[in-house]
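Shared between the two complexes below is chain A, which has chain B as its partner in the first and chain C in the second.
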Partner chain A sequence: MNEKKSKTDWIPVVRQEKVEEVIISGGLFMEQNVPAGSNVWVLMTKQLRYLSPSLWGCQLLLLCVAIAAALITSMDCSDAGYMIFTMAPVAGFLTVPEMLKDLQYNMSELESVCRYDGAKVLVLRLISAGLINVLCLTMISAAMWEAFGVSFLKTVIYGLVPYVWVNVINLFMIMLLRIRSRRVGVLLSVIPAAASYLFQPENMMFYDGAVVFWLAALAAGVLLGAGEVCLIMKERNKREGAFLWN
Partner chain B sequence: MELRISNVTKAYKGKRAVDNFNLELGEGLHGLLGANGSGKTTLMRMICGLLRPTEGVITIDGVDIAQAGEGYREYLGYLPQHFGYYPNFSAMDFMTYIAALKGLPKTIAMERSESLLDELGLYAVRKKKLKTYSGGMLQRVGIAQALLGNPKILVLDEPTAGLDPKERVRFRQLLTSLEKDKIIILSTHIVSDVEKIADDVIIMKEGGIVYRGPQTDNLEDLYLHFFRDGNPEDGMRGNLK
Partner chain C sequence: MATEDRRLINRIRSGDKGAFEELVKRHYEDIFSYCYRRTGNREDAEDLTQEVFLKLVKAIYKYRHTGKFRNFIFTVAVNCCNDFIRRQKTRPEKEPDDTYLDSAVSGEMSPSEHMINRENRFILYERLSGLKEEQKEALVLHYFHGFKAREIAEITGVPLATAKSRIRQGLEHLKKEYEKDKDRHIERKGEVRNERKEK
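The block that comes next holds the complex of A and B.
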């Protein structure tokens, strides 16, 4: 038994020349730099690095405000729902202008000649920024749920609806006016964020029966947003220079 | 490998930036000379697939580059005329970011980025943010990123802009040291950039070719011959001196 094992474990002696040959071949392969494809996780983490500190800071600030409010104030379910509704547009107002950063820094030309071109990168960016926003809103909702006993699902929806719609309107204005500057984009995005405060849903909108309305508004916003992203991708794939410096 | 530009025209609002252009490019270093506004950048952008020709077709080994898409871009290294960068990235961040977009595996990307930055004299400052770099240093980062992925087609649009004379010499040395199995297109309005190092010279004027031939000793005179009545603002005479 032991003899058999020792035979299968036998390691052949390799000549030094052979070892060197393998090392040289490996080195030559490394020099070739054949693209093997970055996995989605690597691309996503690179896009997280792309996002500005201002976007991260804005999320952190909102989170702190929400937690402080949950700790020191006394609200009923309706007030808590309304508070999330008013906070969400602030979370969203920096997201769309962030997508213009490649144009602001004249990087779109360089990114568009890479294997993963501008259109794909834009989608990755939207997903990265969106995930951060949604994560922040979820944490705020969790704080409200814990402090005031508001249904977790409902608080998430109350946040997502204004968030999605602010982004949809931002994106629409940027497409319509062909904005290429991030600063102008940020200024412009204040309008839908501010407009959302004019739309003050009555407290009765935060009752159980209105959930269907909220879900319908969310679905409509997501569909419109997806349509806008498809249009942008189509425009970029046309390669007619709309995203070039001059 | 052969890059063929057949009857290519690019028109912007009725004005033809590139007009019925025909060119075949094989492996080697091709110098594309022309005054500002002669259509060089538009041509470079079409070669890189950033712009689609209004008419005509660009092929690589017989395949339309628009159809080849991702497969073609894998072969491509590009330095745009106006090199952009994210100011909060360090040189190393920037290189690995571009490497990820080019689809290079992480370990190879790190190793190749470090070696290129070393080759271009930026290794010591590779962790510093790009916003602290001088114009010449940024241009070197641009050249380094174009060389990532060992591209088979290297397109350099005004690569020496912002480089001081010493750096220009170094850049020329780097270009000549590159392997000869690449198609390298160097577009410039500065004759000395292509003098002596280009295998063949193409002179562009008003969107078309006015001269194509091998490297000559009197390239400056030849260039001036075509642009004798050129606009002094295009800077070519100044650069020639």
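The block that comes next holds the complex of A and C.
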């Protein structure tokens, strides 16, 4: 304490029995409330349950459409690559309503003060939804590779690059611009998905030298996405403190 | 000191009750004195101090080391006191208890010093009670607990300029009240002198 402390003080002497009372009640609370272990795997499975079955259904539908299109229509290698490129943003778009579910039901404040770390829960939710999409894209790529003999690495990158970039833009718009309405968020997320169709990458595909460009785009997208997630975690933690103490 | 608090919090998180005891002993007096200055009543201050520590232990797993622990625990204390005062406004006003005036008197004081001290403390309590709650809160934190304006802003959740102006306005208000007292005292002295002359 600094020198400014007033000399005109009138505080009574602390009663030791009161201090003991605080210690005993705090100790009792500690005994009754053993912290819940926040095992990452347990949290992850909880978040998988949080995701709506309609998302799983949409992913399955997407997968079926891709495989059916490959089998029924007379596609060639470039068509197959382009199809993956166009399907990936759709997969990214499908997860947006899930990520904004807490806003619709006004649960974000409650989540922030729950026994698990709110920021960790959000990130695990993003990872869970992302993993489902990546799994779906990989399965589509594997089907294309099997049907048309397109390089597996190339088909995976053609799917991942638009997927990652659409998500980076969605995250930027929804989380960092502090959008607080699920409808607005979903409507805005149509923009990056639609914009990806304006980008015609056929010339960049199937040209061996272009693989480096695609890999660089993927790496840049992943780095930007990771940066955004860090910012979101920081913001969440800050808000969490405010919820707790006010 | 901050490192010691951090160490204690980590130990509490791992379920060490001894660490909680140590933390309470380290900060009890500081928090109690703050609550006492805000409420002016020993029982209320003791209850509020208990509430602060219980809130702390309930949310200890959510605490992050982002600044001084003392600022953090005072934020909890400020919120508890403000809630209490808000609740009290709907109830009949309490008189300051006797301990408020009789305590903290040094055993070395002569009876006259005791009286002056008692009177000064009573006047200061009255003056502080006349301030707006937010000004009183800022003044108590600044002058009795040694917090800087920046820290007060952080603790009370207001911009720095607001914290500074609360301190300034509170001081100005106190100054005016003391000046009025002085004038009244001089007037009274004059009246007594006149009465004596007349006699």
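Everything that follows uses one rule, which is that the second predicted complex is superposed on the first by the 195 of 246 C-alpha atoms of A that agree within 3 Å, B and C clash if a C-alpha of one lies under 4 Å from a C-alpha of the other, contacts with A are read in each partner's own complex, and residues count from 1 in each chain.
Heads up, the rule we're going with is that a residue touches a chain if its C-beta (ideal position, glycine included) is under 8 Å from a C-beta of that chain, and two chains touch if they have at least 3 such contacts.
Keep in mind that what you see is a predicted model, and the values were worked out from it rather than measured.
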Touched partner set for A:R178, first chain B, second chain C, both or neither: neither
Touched partner set for A:Y50, first chain B, second chain C, both or neither: first
Partner chain in contact with A:G26 - chain B first, chain C second, else both or neither: second
On chain A, positions contacted by chain B and by chain C: 30-31, 33, 35, 113, 115, 117, 240-241, 244-246
Of chain B, residues touching chain A in the complex: 45, 48-52, 70, 73-74, 76, 78, 80, 82-89, 93, 96-98, 100-106, 108, 111-112, 145, 148-150
Contacting residues of chain C [partner chain A, same complex]: 12-13, 15, 17, 20-21, 24-25, 28-29, 32-33, 36-37, 42, 46, 49-50, 53-54, 57-59, 61-62, 64, 66, 72, 75-76, 79, 99-101, 103-104, 120-121, 124-125, 142-146, 157
Residues of chain A defined as touching chain B within the complex: 30-33, 35-38, 42-43, 46, 49-50, 52-53, 101-102, 105-117, 121, 238-241, 244-246
For the chain A and chain C complex, residues of the former touching the latter: 1-6, 8-15, 18-19, 21-23, 25-27, 29-31, 33-35, 113, 115, 117, 237, 240-242, 244-246
